[in-house]
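Paired with subunit B in one complex and with subunit C in the other, subunit A is shared by the two complexes that follow.
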Partner chain A sequence: MSSDGDNDDFVYDDEYEYDDGFDQDEEADEIDSTSEPDVYDALSPAIEEAPQKKPYDVTWKVKTLQEIIDMQNKEIKKIQSVLEVPPSSAAVLLRHYAWNSEKLQEQFWNDPATALQEAGLSPPSSPTTSTQPLPSGPFECPVCCMDYDAASLEKNTYAMGCGHRFCKDCWTEYLTGKIKAEGESGNIQCMEDGCSRIVREEVIDEMVAADVFKKYHNLLNAAFVADSPNLRWCPHPDCQYIIECNQAPTRMLDQLVPTVECKCGNELCFGCGHPASHRPVLCRVVKMWEKKCADDSETANWLQANTKECGKCNSTIEKNGGCNHMTCKKCKWEFCWVCMGPWSEHGTSWYQCNRFDEKSGVDARDTQAKSRASLDRYLHYFNRWANHEHSAKLDAEFYKKTEKKMEQMQNSGNLSWIEVQFAKQAVDVVIKARITLKWSYCMAFYLKRNNMTELFEDNQRDLERAVENLGYLLEQNIIDTDSIAKLRSDITNQAAYVQKRHDILMDDTLKGYLERRWEFAIPT
Partner chain B sequence: MSDARLRRVQKEIKDCAKDKTSNISIDMIDESPFHLIGAFPGPPDTPYEGGYYEVDIVIPDAYPFQPVKMKFITKVYHPNVSSASGAICLDILKDAWSPVLTLKSTLISLQSLLCEPVPNDPQDAEVAKHYLADRESFNATAKHWAQAYAQAPVHKQKAISGKLATDAEMAGLSEENVAGFTDMGFPREQVPWLAH
Partner chain C sequence: MAAPLSSRRLMKELNDIQAKGTPEGIVLLSADSMEEWVFLISVLGEETIYRGETFALRLKFGPRYPIEVPEVTFLANEQYQPPLHPHVYSNGHICASILGNEWSPVLNAVAICITMQSMLASNKKKVRPEGNDRYVRTAPTNPKLTRWHYDDDTV
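So, the complex of A and B:
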């Protein structure tokens, strides 16, 4: 598992290999032969082997912005020499085909004229500076209505190969607006209505200010990363790195949870860009869960506390005053709010219900219980998920507390700095385990009830207990030197146990995807 | 660049005034040349024929690099025009705008939008549904709106059944829609769209 950016032996993608990559192929084979004969390793022969690679782990590299720019230039150079077009045309073509050079070449050799035209580059040999004949008489810019005499035309106006001429001031204004206000980059077209000619880099460089041109380049880089399925920006604030991972294409995301670590020290999911690990839950399930929680959790809690369902039509009813004689607005069913039974059987016992055990009332409450069950089930999982989320958020405080305790131990127990590090390590283990536990509740919510799910929940329960025990030990007060020694061994042992339970849960769940063991109660 | 904006708008207003063939007018509302009223006749052989349509025009600061803002002042029954606000769904008013397009060419585009609705990209989903479901009835309603709001000449109209169209049919409503209001206790003449 490498995050080293040694780009010397960089291979863009297996699929993008051409004959000029002869050396790289040899190198790739070498590495391939030393690695395990594993089907998942075959996906990325060029990335070095990590010591304990699990079948569900992915390999990745962290790239700098400069490396991303180099990647683009390399592709542009390749296309430029293969298709024999100027570099700026090669760039426009590649951007038009979302950097899929295979598709570009196929289309180009099929019908060069159409390929160029579709990319906004006709006629093919269009020069960067206009060879369109200058109008002989005075010229009025059709955008700003400014008149230019024939002598100043060359200096003050510009037309691309398509021949649509405008004054340079208008070009500047137009391009600056497109780049700064609308965030467009690779697909800015000619100003003329219906003209799809793309404005190229050199033209933009000539027309706009330096800061706008810089922004233009940033946008081009962003578009390149967005177009490349094997690249993703690190989502953490102020982080400028880009992750490259060739093993987690979208079709694999039903079997893999591609958690990677950026050079900035943070983890992220390469599959969906979640800014932390969401193992062991699949990206698709996480997305569904987060949407459900955003929609439902608070509303569900409120409903749980404040409403009942109509015994006839299951409409949710809030009683906001008045007597216990309720009439459902929707189905006109009349019932008693206290026992939920039909009002017709209440006779004269108005405002006072003493018939809680009557059969009709029990039946009505049964119906209600069923509709409540699904809500309760969701809240069960949600509350546990939210609980671990909350605990994990208190990380910083937990660290601070533990640091204080470590100081105390150094002072009162005559322990060295290195000897008290066990406490910090234990906190790290707890936090990691809590994040995994959190996601395990999301997983359990969507799992179908079967034996596999029971095994999953057993593992979950074991981990949860172990974590709580360790948390308890870490909260213990230090009384004297003897107790420190005991506490230290207890914590160290328990932390090791938590780590082990954590690895078992993670290992089993992630392997389960590859073995297709998990059945979800959701459409795939 | 605001010089260029003013120069261009003034020229556009002048050119439009000179052009007698297109039947399109652009007038200032007050002193500002950046808030205008455009107007054009409803296109012939459409339910809008004979009507006269006014459009509110706001020239944005970045004009002509940003599209002009237009909405109908005159109420129009059309799939791509909001029947409530007059907002218009037309590509050249959004991403297909080009700086060489003018107020006049945009108003001409609006005129042809009245000829050829695009019900698959509607602004008013209810109207679009009506257009797709029953063209004859849609045309009757659109014509009624043209008469009621755009001064189109009124002829006694025959409904689909051959009888005189009811007020509900003219407004594009069914009797059930009207009943929905009257059941709640609203007098019939206060039902929205029936009350003119």
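So, the complex of A and C:
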């Protein structure tokens, strides 16, 4: 018997008001950085505005790692001259304030000493190394307990501005561990208990091996990208590019699905880092869906086939043997497995339930039916989503099959290479449409039932049908030259139609966010 | 550094304990090797909810000690039981920031014992942490592999 009672996690609450927090509709059309004089501008004053196709599209730039390093250096240089601090201090300060230079300057001018202190730095005049005189006698490193005589102190030990002295071997061991094992970079602190002095770049450079220092810099760059809301690493394997986009800050993600394309040729979502387009579904809805699927999908099918819910507490119950007299482990409700009615009404009629029409049994089945219906509803959308997901995995095979057919057409139909490209183009269209369809089922699962949703599902159905027809045409066998000509025109026409249906669904859905047309039944 | 970093340091700590002793309520039960020590900890005073109880704290030192934090657990066997405390799981695992991100290489074995003693001393409620059963069922043997989240500084 298994019992989890978790089927009530989605309640379709009619009271829920979809509110994206935006009151001016005009704003939706001009979602560029001009209305945003904050950190998005600060690091990237020069984004070239590409001709915008649609109000829901964003512009972006693909950056190399070197450009990211340059961006940091430029910022560091700026802060260094404005605040009149050494470059490494400027870097530590910027990292502490997550590269928000406005906030840093505000805090710094307000109270320089505190700002430095909080970032883990000593007051402006203090150098990297301790100004306190070296201990005059022999020194025992408090970490490894090795003794150092006064003569070797300078060479073998080191203390930062805070004055906590340790031997260099321990520093090396400590810093290497922090960087390599713990992946720390910008906020490695002094070894002393409770001392929050930050170890600066030049100290780390001196203490650790070259490969560790390189890792340290990689981590710093990664932290910079993570701290910058307008930057994101391309998530595709082996891709080193970084995307810069100033039009998709988090607060816009309730009306935008910022799909961008990296120089590596792959698409990604700038909003959430999903390694492919998940248009037309919003990032947070995708996240919710993926979590739900990870939790539910594998078990949901089995639950549907093998279990019932307790009529009292809705716990899910598997009957794996024994008689029909069930006692719920969770709430101790005694009932009949066959009719779901209370066992007390069954008297002594063990093993045969003849009480099918008793009212209590009907009521119990009603409750169960409701809970079951919500599972059925989820599975309806999930299975369609998963079906397209599965098709996408067979893309390579689809292309291969089509290529074979294209060769065949060139040979038997006397068509040129150019003339058979229509087939490949049609496959491109099918694949793209299937991805959109896949996500449209996730969208539909969370949409409230209303007229807008009906229209959405009409568009979805039209696209589904069009794709199905095109898929069918692409599967056709080639018989003779005449049939090739007909097939070619059919496929070309149908592909154009799929493309059109696809654009209609996408355009209407994405515009719908800007117009605040979609109402979601999402637990807040 | 031919010998592991830990041996010289632990020798020194052991000598210090033997020479100066340990704070009241803390007794070194065994230090048979330079890898694993066990301390007995009791909470002093009339106020404590642990009056009359003694707990065994095991410290396992890696070769990189004290740069690397030791693995610290309360023993849970026939003889000793971990204290009932909102940060101590029934398998002896402890959620304390000093054993994680606030570890400093200048701290030592006795300092850990003192921290644990005061953690017990400030406690007023004998309860297990929330989700104890779930954690204990799935916990790794080494508590350092658990990603602790330190959210309560009151005890």
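As a convention for this text, the second predicted complex is superposed on the first by the 416 of 524 C-alpha atoms of A that agree within 3 Å, B and C clash if a C-alpha of one lies under 4 Å from a C-alpha of the other, contacts with A are read in each partner's own complex, and residues count from 1 in each chain.
In this text, a contact is a pair of C-beta atoms (placed from the backbone, for glycine too) under 8 Å apart; a residue touches a chain by one contact, two chains touch by 3 or more.
What you see is a predicted model; the values in this text were computed from it and never measured.
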{"item": "Partners on subunit A (subunit B, subunit C) - clash or fit", "value": "clash"}
{"item": "Contacts of A:Gly273 with subunit B and subunit C, given as first, second, both or neither", "value": "neither"}
{"item": "Touching partner for A:Asp193 - first (subunit B), second (subunit C), both, neither", "value": "both"}
{"item": "Touching partner for A:Gly183 - first (subunit B), second (subunit C), both, neither", "value": "neither"}
{"item": "First, second, both or neither for A:Cys144, with subunit B first and subunit C second", "value": "both"}
{"item": "Subunit B versus subunit C as contact partner of A:Asp169, first or second or both or neither", "value": "both"}
{"item": "Subunit B and subunit C footprints on subunit A, overlapping residues", "value": "142-146, 164, 166, 169-170, 173-174, 177, 191-195"}
{"item": "Subunit A-facing residues of subunit C, complex", "value": "1, 5, 8-9, 11-12, 64, 66-68, 104-107, 111"}
{"item": "Contacting residues of subunit A [partner subunit C, same complex]", "value": "142-146, 164, 166, 169-170, 173-174, 177, 191-195"}
{"item": "Subunit B-facing residues of subunit A, complex", "value": "142-146, 164, 166, 169-170, 173-174, 177, 181, 191-195"}
{"item": "In the complex, subunit B residues that touch subunit A", "value": "1, 4, 7-8, 11, 62, 64-66, 92, 98-101"}
